[in-house]
Amino acid sequence: MSAWTRDEMMTVAAARLLWDDCVCFVGIGLPSAACNLARLTHAPDVVLVYESGTLGTRPDVLPLSIGDGELADTAACVVPLPEVFAFYLQGGRVDVGFLGAAQIDRFGNLNSTVIGDYAQPSTRLPGAGGAPEIATHARQTFVLMKASPRSFVERLDFRTSAGFLGGDGERARSGAPGGGPQAVITDFGLLRPMPGSQELQLVALFEGVDVAEAKAAVGWPLAVADTLERLPPPTETELTALRQLQARTAEAHRRPVRLPG
Amino acid sequence: MKTPRLSLAEAMAEFVHDGSCVALEGFTHLIPFAAGHELIRQGRRNLHLVRMTPDLVYDQLIGMGCARRLTFSWGGNPGVGSLHRLRDAVEHAWPAPLELDEHSHAGMAAAYTAGAAKLPFGLLRGYLGTDLPANNPRIRRVECPFTGESLAAVPALNPDVTVLHAQRADRKGNVSIHGIVGAQREAALAAKKLVVTVEDVVDELPPAMNAVVLPHWVVSAVVHCPGGAYPSYAHGCYERDNAFYQRWDAIARDRAAFQAWMHEHVLGLPDHGAYLARLKAKAA
Amino acid sequence: MKTPRLSLAEAMAEFVHDGSCVALEGFTHLIPFAAGHELIRQGRRNLHLVRMTPDLVYDQLIGMGCARRLTFSWGGNPGVGSLHRLRDAVEHAWPAPLELDEHSHAGMAAAYTAGAAKLPFGLLRGYLGTDLPANNPRIRRVECPFTGESLAAVPALNPDVTVLHAQRADRKGNVSIHGIVGAQREAALAAKKLVVTVEDVVDELPPAMNAVVLPHWVVSAVVHCPGGAYPSYAHGCYERDNAFYQRWDAIARDRAAFQAWMHEHVLGLPDHGAYLARLKAKAA
Amino acid sequence: MSAWTRDEMMTVAAARLLWDDCVCFVGIGLPSAACNLARLTHAPDVVLVYESGTLGTRPDVLPLSIGDGELADTAACVVPLPEVFAFYLQGGRVDVGFLGAAQIDRFGNLNSTVIGDYAQPSTRLPGAGGAPEIATHARQTFVLMKASPRSFVERLDFRTSAGFLGGDGERARSGAPGGGPQAVITDFGLLRPMPGSQELQLVALFEGVDVAEAKAAVGWPLAVADTLERLPPPTETELTALRQLQARTAEAHRRPVRLPG
């Protein structure tokens, strides 16, 4: 088994946070890889829900889009999108929601809308999608983002999705039913909210990373937990399962499609 | 009475006019690309485009200057990155300024559902702690008359025309959809007129008591248009061309490359059949 | 984790208690009669019964003194006439007074839908020009924050327990329903706990991408109970016993005849299997 | 062909009011018979919607209940009940709604809730069901009721469903989208709203009935149109189709069901 990459470790670290039977609202990219890795290793009965309305999917290869046919083919059922959001997400049926973004602040609030001013943005990002309500309703959310001072920022250009708002219980007072961002998985380690203030603090590091590197990657003065966990590197089982999944995926996506008509 | 069967050119000319509010729905699956291309060919202008995920189809319409306004909830190239034509319109008003009516998926789903039910607004526990309501006057609050709770409200979406693509229609005009449906049904029933392009017209739909069916009396016109969802897909007919979605990133990044592509593949060809034939010839 | 498989007696004892708010849903089709009989056998009291159409199953529960309150929208014997036990409770408080929370079908459908979506109220253009709102404080008005229109509002229905009958579940507890579904899905997702009695437990559900499925993680318990919807029906398994619905009119019209029937067919028998066996023996 | 009954004539008269392609929201009993008779005679493409969620059904025999399996088996599709009411009825997709009731007043308002006081009724009736919103949203409604002074009353005990409310445009001012009761089919003839006042007036009589009989059957002073139509008796085609339908229905309902279990 060759050495692991930071991307692989992020996926593995996220997968380890899931438990068997947990119901995950999954986004495309790293979250999708992490959830399916969990399913293929320690959590065979994890329930994957994609916003395309596919409930309980067990894809053999990772989808490129949130609505690939593979997701429908392997789902327990497919429901209209308004129902996924109203009956399942808002209905309080989701344990874990995965989120990513262009920017995150120290309270886990996220921006995926614009860089610059909303009316005159320097960079127009894709926008909210399912994020604001995933952030509101999932019992907890996990954020997956590579860190840099440009993405882990002192101040968001736009708040698309609520983390802990200003901290100190402001989220709970706002009436949000879900528990908010309980873990931020980056390419150096793991942040979790501090009890009380709810500010994100460094709680765990990947192998080969030190606190100085973590602090340099974050655009605010990063708090560090008293006891810092060292995350074990990917096991051979994890790495094999992940790489096979990615190899199957690459091969499937390399196959040319037959043009219709 | 049967729902009329029209050619795609006839259907777009009859139902979509300059200034129309039009929704081409289908979530990743069954995106009506052929219809979008035909609107470009017909030179429609000042459209109010409505779609949860603009996808490449609206990137193309926006880049070709067909749109004045966009109602949407996620404007990326799924699994790839940005929609560069959408970005260019918002960031640089090229080729024309684009007004945004921006929502979350949950908000837009509620707006379509309200539209289908002919309610003036949709209700959700949504937009909590976000800056969207401050930037969109079409996101408001309403108070529960029983509990006093404050909830988010969005105005109903009732497009002038919704265009869908589906696997099949029968000769009367009943349409059946198989697989991921997104907000197609709600967008269809919310619209004043509904045009459906289909892979196939059959004598009888496959029997499926609880299948997703749009009955013929809510369908304004059926268009037989095989491959009409390409490069998205029609479950059971053909797969999503993920490689094309990846190639689109480079095509759309550059204004000139984009325009050249559109001229070669859309404006310079008579219809969707010719487009697919050209792609096949190139691939051979 | 699999959804637990329980006997009907265990499931009713675990999930339905005196004073519970319980919905036995199913519109004409798949009415959970076996579950209703088991509640009578267990002597539940002060139930808040919720059902769009009380049907014979609630006529029996009400007549046996199990209910304190009824939320409903149409209380007749479908195709036959009155529910005499329901009438006797309302007109003469026999065997006990019955509070009514009365709606229209559209209002109750909106209330279940709101419940499933965990919204505090449902919205409809309804109850226009009727005397129902004057007699039910749970029908109010709300104003559209965009148009100013006044609409009807009903509080969400969130039963403590919803009980459904369905054709089949798989071994994990996924449930599939085939045919007329009524408000079963909404009532199921609105409930705090969901118990489903099924005709059959199978290794794998029939593949049907867009079928009506309740995933195992929203199902609290599955009960294998063949014939559990009789005398209503389970599409594809057995037909509605229309003749029994007609015979019920005479049975229920008279207090003594009703009590005799209930003792002979429900209280005097251990379970639904014994009831069906007795009917078969009589028919032979 | 033997002589026709008043019940048969009511059904035939109602069927004749339907046109090919019209979308009917159908109730059980006479409306169901009338709609299916229309489908089997002059309106083969009439679209029948039952509140059980069966859209476009073509039953071979009349259902006893609104949700018989026959309706699902012959439907274009079956949708959840909340969708029938929200997307199809409230959505403005229904041309004709059929209603019946225990009481009707001169403005076509209906009572199917109680006789006597709501809190202490002398007779508790089944209640509203779909009626209030059918009455509100269908482009027009047809009421099918046998007449007697106890059912055609000066004053309703309870108003379950709106007709023209107090008349003179009150209904339109209330915001009801549909056109209200445009025909009341009784066992002596047909009432329709007068232009202006919207009070129901006698516009047509069955064969063998005179105005005096009609007036005697109605509990308010019945207005009579200047020109009174005489409805032609059932044709042989109509009567044959209706009787065959009823014979098929009786035979099907006579068949003993196989007990389950």
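Each chain carries a letter (A, B, C and D) given by its place in the written order, and its residues are counted from 1.
We take it that contacts are C-beta pairs under 8 Å (C-beta built on N, C-alpha and C of every residue); 3 or more make two chains touch, one makes a residue touch a chain.
Quick caveat: nothing in here was measured; it's all calculated off a predicted structure.
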Longest centre-to-centre distance from chain D, chain (CA-based): A
Computed distance of Cα centres, chain B from chain A, in Å: 28
Rounded Å distance, chain B centre to chain C centre (Cα mean): 40
Where chain B touches two or more other chains, by residue: 118-119, 124-125, 149, 179, 181, 209-212, 235
Touching two or more other chains - residues of chain A: 72, 78, 86, 90, 177
Chains grouped in pairs wherever the two touch, ordered by label: A-B, A-C, B-C, B-D, C-D
Sites on chain B touched by chain D in the complex: 1, 116-119, 174, 189, 205, 209-213, 215-218
List of chain C residues in touch with chain D within their complex: 27-29, 52-53, 72-76, 78-80, 82-83, 86-87, 90-91, 102-106, 109-110, 112-113, 124-132, 135, 149-150, 179-186, 199, 212, 226-227, 230, 233-235, 237-243, 245, 272-273, 276-277, 279-280, 283
Residue numbers on chain A that touch chain C, as the complex places them: 20-21, 23, 45, 47, 55-56, 72-73, 75-79, 86-87, 90-93, 177
Of all residues in chain A, those that touch chain B in their complex: 28-29, 51-54, 63-69, 71-72, 78, 80-82, 85-86, 89-90, 109, 113, 118-119, 121-133, 135-137, 158-162, 165, 171, 174-177, 253, 256-261
Of chain C, residues touching chain B in the complex: 118-121, 123-125, 138, 140-147, 149, 151, 153, 155, 177-179, 181, 208-212, 235
